[in-house]
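Common to both upcoming complexes is subunit A, partnered first by subunit B, then by subunit C.
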Partner chain A sequence: MRRELRAEWTKARTAPGTAWLLSAVVVLTAAASAAVAATVSCTAGGCDQDVPRLGLAGIQAGQAAVAIMAVFAVTGEYGSGMIATTFAAMPRRGRVLAAKAAVLTGLTLAAGTVAVLASVLAARLILPGNGFTAANGHPPPSLADGPTLGAAAGTVLYLALIALLSLGAATALRDSATAAGVVCGVLYVLPLIPHMLADPGWRRLLWQATPANAGLAIQTTTHLDDLPLGPWEGLGVTAAWAAAALLGAWLLVRTRDVRA
Partner chain B sequence: MRAAIEVIGLRKRYGRTVALDGMSFTVLPGRVTGFVGPNGAGKSTTMRVILGLDAADEGSALVGGRPYRSLRAPLCQVGALLDAAALQPSRTARNHLLWLAHSQGLGARRVDAVIEQVGLGAVARRRAGGFSLGMRQRLGIAAALLGDPPVLILDEPVNGLDPEGVVWIRGLLRSLAAEGRAVLVSSHLMSEMQDMADHLVVAGRGRVVEDTSVADLIAAASDGRVTLRTTARTEAMEALARAGARVAVQDRDTLTVSGLEAGRIVALLGANDVPFSEVAAHRASLEEAYMELTRDAVEFRATIPRDGTATS
Partner chain C sequence: MTDPSTVMTDPTTGGRDGFPHLVRAEWTKFRTVRGWVAGMTLAVVLVVALGLLSAAGSHASCGMGGVETACTLTTGPGGEAVSDRFFFVHRRLDGDGSITVRVDSMTGQIRLPDTVPGVRRVVAGVVPWAKAGIMVKDGVREGASYAAVMVTARHGVRMQHDFTEDVAGRSGGVSPGSPRWLRLTRSGGTLTGYESVDGRRWTVVGTARPAHLPAAVEAGMFVASPGDLTVSRGDLGGASVQVRFTEATAVFDQVRVEGRAGGTWSHDDVGVAYEADGRTPHHPGRFTESGGAFAITGVGDVAPSVDGMRIESTLSGLVAGLVAVIVVAVLFVSAEHRRGLFRTTLLAAPRRGRAFAAKAVVVGAVAFAAGLAAALTVPLGARVLRANGNAVLPVSTFTELRVVAGVAALTAAVAVLALACGALVRRGAAAVAAVAGLVVVPHILATASVLPPEVVRWLLRLTPAAGFAVQQSVPEYAQVLGYYSPQGGYYPLPPLAGLAVLCGYAALAAVLAAVRIRKGDA
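Up next is the complex of A and B:
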């Protein structure tokens, strides 16, 4: 497994796209978080806002860069045909998948941490100007605050799970456009469906089953009782999706002929 | 001598297409084995099965007595070039070899050595995507040599090489075989095997049509025929035909004669006052021998009707 890890790390390190996409994760997340922070306001009469969730809202944009990075880590090889070289050099394909997952998780955790810290920093700088002050009952987010720290750390983990979900889907689907389409559908279209349903029971069930809805419950720090799922249970749903995608990929990649 | 590669009764279908239909042969160390046959004969599929990329429906392929997918550091056992275009274009040549080296527990020193060996030293830090096909072939050969393997498998390595490159690869493969390695090299052009292969496995329609040494194959195809060079073609043909020979026209002043030995031909021509400048044993080209062999195995062949236009 050491050799597979080293090879996959060298691949990631020497692909020019990796640095770009990691930067995109940070920039998109921080910029979108800052934009959201700049458009909300809190008056002296008080407001009903979940401040940590506001400050981390940019994850909706940053997760796209994570997903694209994960998808291209695999489909880039299938598209160019290099996957045959990879599997000829490392015939234990399950290990290759595991090594790719490990490298991708490491990179995503690193970029995600920077992105989340940058988002929190931006929120701390911008929100007080919009009335989010201790005097109004809504101090700007601080990592010294337990629930805020939990939301921030959980968001980083959420990004890593999205990376693994995308990696699994891409390995199973092999084609860049198909895999990117499917993953973006899961991240951006699937979360809308519960809102279109009239029946509250179905709405609740589908919300619970959607990885993007349930997973981002981890950012919620207020009105937890109103959530269909607890924050960590929600992250568990995303983890289950990631695990299922990787399991499917593993079953397929072991036996399938290697075609470009 | 222990076979380096054993291919035993491989069968493989892709949908309704039969790609391999009982392919069996062995590759011995110390010589270049040419793997030839028309496009669609199953050469590439066989190589993909040997390398564990595609699974055969039946049969097995062993490298050094073991299935490829059980090898610990496979590139140190088998070096392979399947498709020179199969790399990520944005990575430099050196970095492409570097991740391959790391996958086998090898270091950067070995990478620099093979880059120099294939003559890509000057462009090692350039993006492989900008390489010509010939340069990519050299990079692919560098990857095959990376693990200093006792077995090499090369699919159409001459494709896209300039004449200098062709001479280079011929010499390289011959010297690798001379070092005691087993070299399996495929081509759909028999002429490429001339002066390169010692042994030939000829494939057609997913199976082996002929498994023979190059020398034997040429001898068999040349069998008993004599080449005659003469300015009096018509007279020579009449004289020889009367004596019971079969005569074929090769070009304006050259005939190929079978059914008569050279001495009798010289005597006959002398007796009939037919001038001639050369009588020699006919040496078939590999190409000729190959056409003979694969005549029934070619899937798409142009047929030439009486009016002379080719259809397929």
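Up next is the complex of A and C:
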């Protein structure tokens, strides 16, 4: 396993896109969070905003960069045909996939931590200017506050799970554009489906089952009773999706021919 | 043996690669790749299936005296849904004439959200759009043509007619110390509204030509008070809008009708709703008269109504379809780069800008056709919704066509944008993510109410997602207080302006891609 990890780490380190994508995760997340913080306002009359969730809203943009990083981690080799060489050098394909997943998780956790810290910092700097003060009952986010810390840490974990989900999907699909389309669909279109249904039971069920809706419940710190499921349970749903995607990818990689 | 060059070139263009020829070549490529055709078909199926599924699952019925019936909407002379509920004290007016009144005061009450469940909390006050004034109307039927000049609680004097038309006069309300004089004069089909502070010097507020005004009309005083609106958090991050009872009372005196006025003053509570027994009016209006002064209390509004489903509500699956379109459009160019086929394409058509233009034409045309097929959900879905008893806001045929053609144009523009990004970035996944991030994501953040409305409005002005405005079928009315949020389907830009923003992005990306292809390496 060390051999595979070393090989995948070397690939990730030396591929030209990795540094760009890691900085894209940080910049997109922080910039989008800052943009959201700059456009909301809270009056003395009060506002009904979940401040940690506002401060971390940039994750909606950042998760796309994470997904692309995961897609490139595997489809690059399929596109160029290098995957045949990889599997010739390391015939235990399950281990290759595990090593890719481990390296990707490490990179995502690192970039995600920086991105989340930058978002919280931006929110701390910008929100007080828009009326989010302790006097209005909405102090700017602080990591010393338990629920906020939970939301921030959970968001980093969410990003890692999205990376794994995307890696699994890309390994199964092998084509980068198709994989990116499917992952975008899962991240951005699937969350809409519950809102299209009239039946409240189905709405709730589908909301609970979509990885982006359920997973981002981790950012919620107020009105927790309105949520169809708890924050950590929600993250569990995303984890189940990631596990299912990786399992499917593992089965396909083991049984299928190397190239399409 | 034929000379191979005759296969590649068209003699009518003097041996150069004719553009129609290139388009045909690209079209042949497109239709022979099974995955791309399947992708476009999937896009159409996704939109239609999701739309019809949501329409089929949406049922409604309206109670009418204990009997469940389909929900119906009152329509105005222009065919749009209207709210026509007010208290009207009127008399017949034949031919030309005028009516003059002095409005002395306006008071009212507003019901606030209950703090103790079940206990009504009513306070004194008037809502900003509470109206009191004079009106000339084609009878007392709901939705009939009218023209009116009125004073409102917070929006000054207004001249309105046929529900949708609204002209502002001088600002300021009425109070016992400062009354307001109003006059409405009919001359043929034209009505002119005047206002005055002293009854001597008059200023014109506006003129109106209502759609159907017969020779004999009802002229008189009216009072209306639209419901108060509160927006609160709904489930799953949505917003729930609550409308609560309000009423307004205005005192009129110095009433003078000139012209052939017939009969005595009669009164109607136009558009009043009834309790479950079908006889007792629900929140009735009333009036008293003493010594030529009328105190009239009214409930409701005389204005366009935005209370109902919209024809484009069945297009919620459009974003899903667009993701499929984006993937296909990106693959249409990135697949050639990956397999080195683009070098062959350029050998066959050395004028590189034209080769790219041909691709754009083909993918744009295919996406337009797919968008048109997908947009047929709109008329079909509206039919299903109405059959299920839902009140769907009626729109003109022109608006419906604009929505359908607009969705097709939107799909085409997104496809061209995706193609251009694919040619610029050359890495399929990056191009798909970039275009989805520019087009689909802002719109989803807007409709799923993940972000606050102010942020969403800016996103829908500045990003290519502005193009989704083309599907809005019901405009925002300045004279109706409503929850005009992107979640509710109200876009910050007008339909065609939004589409123009998207087309601008697509054109810019196409130009950059053409430059890159001409200058860069294949």
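To be clear about the criterion, the second predicted complex is superposed on the first by the 259 of 260 C-alpha atoms of A that agree within 3 Å, B and C clash if a C-alpha of one lies under 4 Å from a C-alpha of the other, contacts with A are read in each partner's own complex, and residues count from 1 in each chain.
Note that a contact is a pair of C-beta atoms (placed from the backbone, for glycine too) under 8 Å apart; a residue touches a chain by one contact, two chains touch by 3 or more.
Fair warning: this is a prediction, and the values are worked out from it, not measured in the lab.
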item: Subunit A as common anchor, with subunit B and subunit C clashing or fitting; value: fit
item: Which superposed partner A:Asp199 touches (first subunit B, second subunit C, both, neither); value: second
item: Which of subunit B and subunit C A:Phe87 touches, first, second, both or neither; value: first
item: Partner chain(s) touched by A:Leu247 [first = subunit B, second = subunit C, both, neither]; value: neither
item: Which partner, subunit B or subunit C, touches more subunit A residues; value: C
item: Subunit B versus subunit C as contact partner of A:Pro16, first or second or both or neither; value: first
item: First (subunit B), second (subunit C), both or neither touched by A:Arg3; value: first
item: Subunit B versus subunit C as contact partner of A:Thr255, first or second or both or neither; value: first
item: Distance of closest approach, subunit C and subunit B, by C-alpha atoms in Å; value: 11
item: Residues on subunit A lying within both footprints (that of subunit B and that of subunit C); value: 17
item: For the subunit A and subunit B complex, residues of the former touching the latter; value: 3-4, 6-11, 14-17, 76-77, 80-82, 84-85, 87-92, 255, 257-258, 260
item: For the subunit A and subunit C complex, residues of the former touching the latter; value: 17, 35-36, 39-41, 48-49, 54, 57, 60-61, 64-65, 67-68, 71-72, 75, 79, 170, 175-181, 184-185, 188-189, 191-200, 203, 207, 213, 223, 226, 228
item: Footprint of subunit A on subunit C - complex, ascending; value: 50, 53-54, 57-59, 232-233, 235-236, 238, 316-317, 319-320, 323-324, 326-327, 330-331, 334-335, 338, 422, 427-433, 436-437, 440-441, 444-445, 447-448, 450-452, 454-455, 458
item: Complex contacts: residues of subunit B adjacent to subunit A; value: 48, 51-55, 68-71, 73-75, 80, 82-83, 85-92, 95, 98-100, 102-105, 143
